[in-house]
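The same chain A turns up in both complexes below, where it pairs with chain B and then with chain C.
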Partner chain A sequence: MLNSAPAATAPVLDVRNLALRFKDTPANIVDGISFSVREGETLCIVGESGCGKSVTALALMGLLPRSVARVTSGTAMFGGSDLLTLPQRAMADIRGNTISMIFQEPMTSLNPSYRIGEQIGEVVLRHKRVTRAQARQRALEMLDRVRIPAAASRLDDYPHELSGGMRQRVMIAMALANDPALLIADEPTTALDVTIQAQIVDLIEELQKETGTALIMITHDLGVVAEIADRVSVMYAGHIVEEGPVEAIFDDPQHPYTIGLMSSVPSIGPRSGRLATIGGLVPTIDRMPSGCRFSPRCPFVQADCLKAHAPLSTFGPEHRAACYFAPLETVFAEAAS
Partner chain B sequence: MLSYIARRLVIAVPTLILVSVFVFVLQKLLPGDPALVLAGEERDPEVLEFIREKYRLNDPVIYQYFHWMKAMLQGDLGISLRTQQPVATLIADKLPVTIQLAIMAMVIAFAIGIPAGILSAVHKGTAVDYIANFIALSGLSIPNFWLGIMLILLVSVQLGWLPASGYESPFTDPVKSLQTMIMPGFVLGTALAATLMRHTRSAMLGVMKADYIRTARAKGVLENAVIIKHAFRNALLPIVTLSALLFGELLAGAVLTEQIFTIPGFGKLIVDAVFTRDYAVVQGIVMCTAAGFILMNLIADVLYFLLNPRMRSSL
Partner chain C sequence: MSAVISTVEPAEETVRPESRAWKKLKASKSALLGFAIVAFFIGIAVAAPILPIADPAATSWSVVRKAPSAVHWLGTDEIGRDILSRMIWGAQASLMAGVVSVLIAVLVGVPFGLISGYFGGWIDQVISRITDALLATPFLILAIALAAFLGPSLTNAMIAIGLSAMPIFVRLTRGQVLSVKTEDYVEGARAVGLAHFAIMARYILPNVFAPVLVQATLTVATAIIAEASLSFLGLGQQPPAPSWGSMLNVAKNFMTQAPWMAWWPGAAIFLVVLGFNLLGDGLRDALDPRET
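And then the complex of A and B:
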């Protein structure tokens, strides 16, 4: 079932029951989510915009300022320590070194005042005992590896001299310069031209194969998921509603939200027609429904759904969904009889 | 780059001409007869006539203007009616004093304003921010003459630490020179520090929100380096531009401050010249100040270019 890593390998990152709350908001923006990712494996976190994917990633990186949001529960075990309770200094030693992150906005994510060679070199100098010359050499090597043509001549370019796709390559070079154990990519292609998107996804996939890094790819592009995911976690309004191997998610989705999501992708969607589109809007944080957060949009909603959200129940190897009525075939069968 | 500077210099010419016309006309409109001032107690019409003739006060105004311009282009700013010295010499004497004072004030303004601005931006909304803003507001609202007098009373009269007045060239006695400059420099510098602090704060607040700051943190860069290397470096642009302009203003002379500390700089020269209707000196100073201001503007632009890679490569 799993194609890349044997299930026995201990996860690189293991997030348990993570909850986050913004200051002055009545509910957790991310609530009790768990996921893990192993060496060489790609976990895709998918979900509509605003469901809490980025804040989750930032929280794991220790990049959510305490003044803005706080972790209200959970652990995130990485290399024997809990990222959520590590002191700031220890977290800074991890960032860019053993965990790296690339962002959605390549146009603005590089410092306009420094040459890209310097910016890549900086992350090496920060974490490794190297000379400036060695850091520069490493930067050159990385530019080559992210397939920037004529890398040596690009080293002294400023960010504004590069296109969006090139800048995202530079970000990837920077993120992988210290051979991290985990790479978090937060919608790395969303801001790019469609033609460039595929190149960047291919590049990330190839580099991951070469380095064996664990990859968390945050996206709402199911095409990307189909291409690179080993496992998928589907997020809805701060909850994980379904998780499983990519084949299971595409071929046998269990949660009504996942089913709706799949049917909105015509070419890959399974048994089309079950849920043409998902009506309604994602709930905002100040009017989060109690119980299942998808209930206001769910065509199968029952009284139970409003009381408490369903726990994740198992539907196959590593395949779980949080719905009282899954598999829905049972519901249909009952309704028909 | 060079062509850009050249272009800017060409643009500066009409500005200077405009200033010169303005200065000249304004002078002519002022009441009072310079010949009378010059003659002092003397009221002999013949003497007055001689003076008018000598200083071309009888010529049509337009002739006087062109005559003045022509001389000025040759570096001759005229002769002071009062002291009989060439205006150029007077200015050359006073300018170093004013420049020294301006530098002193700028150093103090930077030393206070920039760290305070950075701190209040980084600690936005905390006690640090409020205290810095309160001090800045005080700095802006306390009049220079009052602060100057208070400093003299406290530091010179009470404590006897620094001389209350006077001036010493840094080339003859550097220590004494510094001592005489500290208080006036502080008085001028604190007012500028407040302006500088507020601009630094707002520039830093803007920059700290940028995505590349998040990138720097994601690289594990420590917070101090994030603030200085990544944020402040990008906030520098507006700060540098502002500083050059503030420095230009300082060059125009700080009339009150120089008066209080009896510093023989531009400010004092201009006050004396105005009160004695010393036309040539006033005109010379204003032209000099205007040229200095334009120069500082140009320097601000050049620095802006040098600091901004995007602009640099567009040349």
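And then the complex of A and C:
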């Protein structure tokens, strides 16, 4: 899968050193993260609740209200312009057109007062010079493409007549209606039950292959990551602690947090002992530790970790982790001898 | 494609919210009674020009203050006009006043409420404080003051009543918008690049409209009373055109000699207000999404 991603092409979206801060808080909620995604590639941003994944997505979409949070540094280059400094009007022309977003809650993400055909059509009408009839035709086409059976009769349904999985398909149809260059999916499967989750993930993957859109998938579900990702960025408390190709992250994790994350996934088959957990809790924004933000929970913590946050260092092709002591086995073996 | 359209009809058992609300409305006896009363009065008001009734302004010195009889079913007033005819034409003024003033209140109040709730910040502060100030003044006092300021006529009375009833709609709409604007589909609308105006018109307004509709129905009743009050005080419908309020105003001078002059307009106001209230209550129950 890694090989299929064209390494040479310029990234569709290139985020550098993005930092965000909530109003009246002492520390950045997202603290200098960088990532990029290329055409046809899937980047998964993984992390637990509150690590800053969703805020990052909202900031990129320009949907973060200024009264709540602001961007304190960084750039996000998309199609030659910086998303973080574009005026609202220009951002509105991009949203739903060249960058689309799928939200977590399909049950409440559709306007209950309008038929789904109109809602999909509206996105097309907003951004393309088409007639109502053409927009409706496009909506029908999109419903077909997201594999909604008897799409023509569903066009005039209201959202409450559809199940959660169907609604998420409608959301995907809306998001892809204008052939966006970049699709941001913020935990698109969290609210769905397991069988539907798998269908939706498969659908997103297939549609991405068909359209070649770049995909940023935000999730805390490592099963989804394993299935769909080309590359993974692991976030912890506003930092990217490790990033790399999906195989490297799963087979050879370097950062103690990633290692903990991987070993806390339950596996199918006979159970062997207790499921591993990472002790402690994610630090709250007013108690951010100085230095490495994972240090209070890290079993390998050393004095250096408390002084400064480790920079990302390289462990393989595109594989980087932010830990002074990675790879742990070598570093600690040397220290012991 | 045509095959798909022709073979698959929307499933019969799916229930649209309108039809559910309609069913509940039909099941409520009091709401139906309210609807019947309102429909009856609207019917006679609309049909006034074609009904075989006397000219409401034609006076006759031979039949001054006559009790109800076969000729004048509801009696005559102090200058011999037929009260039935004046009641029917008066229904026009009263219902017009009720409906038009509420329309004014809704058309002015709802947009302000939308803007106030949607944008928040200083604009919300300004609109909310003005609304508070208006709400602090008793409804009828404000209406009387405005009507007196604008000058006595039915049109001005409607404007005065409409403006006095407006703050309720600003408040109500603002409150509803505050809850609806945090819904995911509003964020979704923003995420597809829709402008604020489109979001307000298509994503927020339809989803806050049910309570506004209920409030409007109930306010029609209040507005009819207010019109009667203003006309009673001489600030509404001007003679010789009839309205229930102005008929009561005159009737109070003849309470002992010709009590029927007061009975009919009083009963009509009572009935039509009751009708709108029953209808409004029924609508509120029917549109309440929490009950199924």
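One rule holds for everything that comes next: the second predicted complex is superposed on the first by the 322 of 337 C-alpha atoms of A that agree within 3 Å, B and C clash if a C-alpha of one lies under 4 Å from a C-alpha of the other, contacts with A are read in each partner's own complex, and residues count from 1 in each chain.
We adopt the following convention: a contact is a pair of C-beta atoms (placed from the backbone, for glycine too) under 8 Å apart; a residue touches a chain by one contact, two chains touch by 3 or more.
Because the structure is a prediction, the values reported are computed rather than measured.
Visitor: Let's test your reading of the overlay: on chain A, do chain B and chain C clash or fit side by side?
Guide: clash
Visitor: Taking the superposition on A as described, I'd like to know which of chain B and chain C A:V282 touches: first, second, both or neither.
Guide: Neither partner.
Visitor: Does the superposition put A:L306 against chain B (first), chain C (second), both, or neither?
Guide: neither
Visitor: Which partner does A:V130 reach: the first (chain B), the second (chain C), both, or neither?
Guide: neither
Visitor: Looking at the overlay, does A:A152 come into contact with chain B only (first), chain C only (second), both, or neither?
Guide: A:A152 sits against chain C, while chain B stays out of touch.
Visitor: Using the superposition on chain A described above, determine whether A:T108 touches chain B (first), chain C (second), both, or neither.
Guide: A:T108: touches chain B and chain C.
Visitor: Which chain A residues are contacted by chain C in one complex and by chain B in the other?
Guide: Touching chain B and chain C on chain A: residues 61, 63, 92-97, 100-101, 103, 105, 108-114, 122-123, 126-127, 158, 160-161, 171, 174.
Visitor: Which bits of chain B are touching chain A when the two form their complex?
Guide: Residues 210-212, 214-223, 230, 233-234, 307, 309-310, 313 of chain B touch chain A in their complex.
Visitor: Okay, in this complex, where on chain A does chain C touch?
Guide: Contact set of chain A toward chain C: 61, 63, 67, 91-97, 100-101, 103, 105, 108-114, 122-123, 126-127, 150-153, 156-158, 160-161, 171, 174.
Visitor: Okay, in this complex, where on chain A does chain B touch?
Guide: Interface residues on chain A, with respect to chain B: 61, 63, 88-89, 92-97, 100-101, 103, 105, 108-114, 122-123, 126-127, 158, 160-161, 171, 174.
Visitor: Write out the stretch or stretches of chain C touching chain A in their complex.
Guide: 1, 4-5, 8-10, 14, 16-17, 121, 183-185, 187-195, 198, 202-203, 206-207
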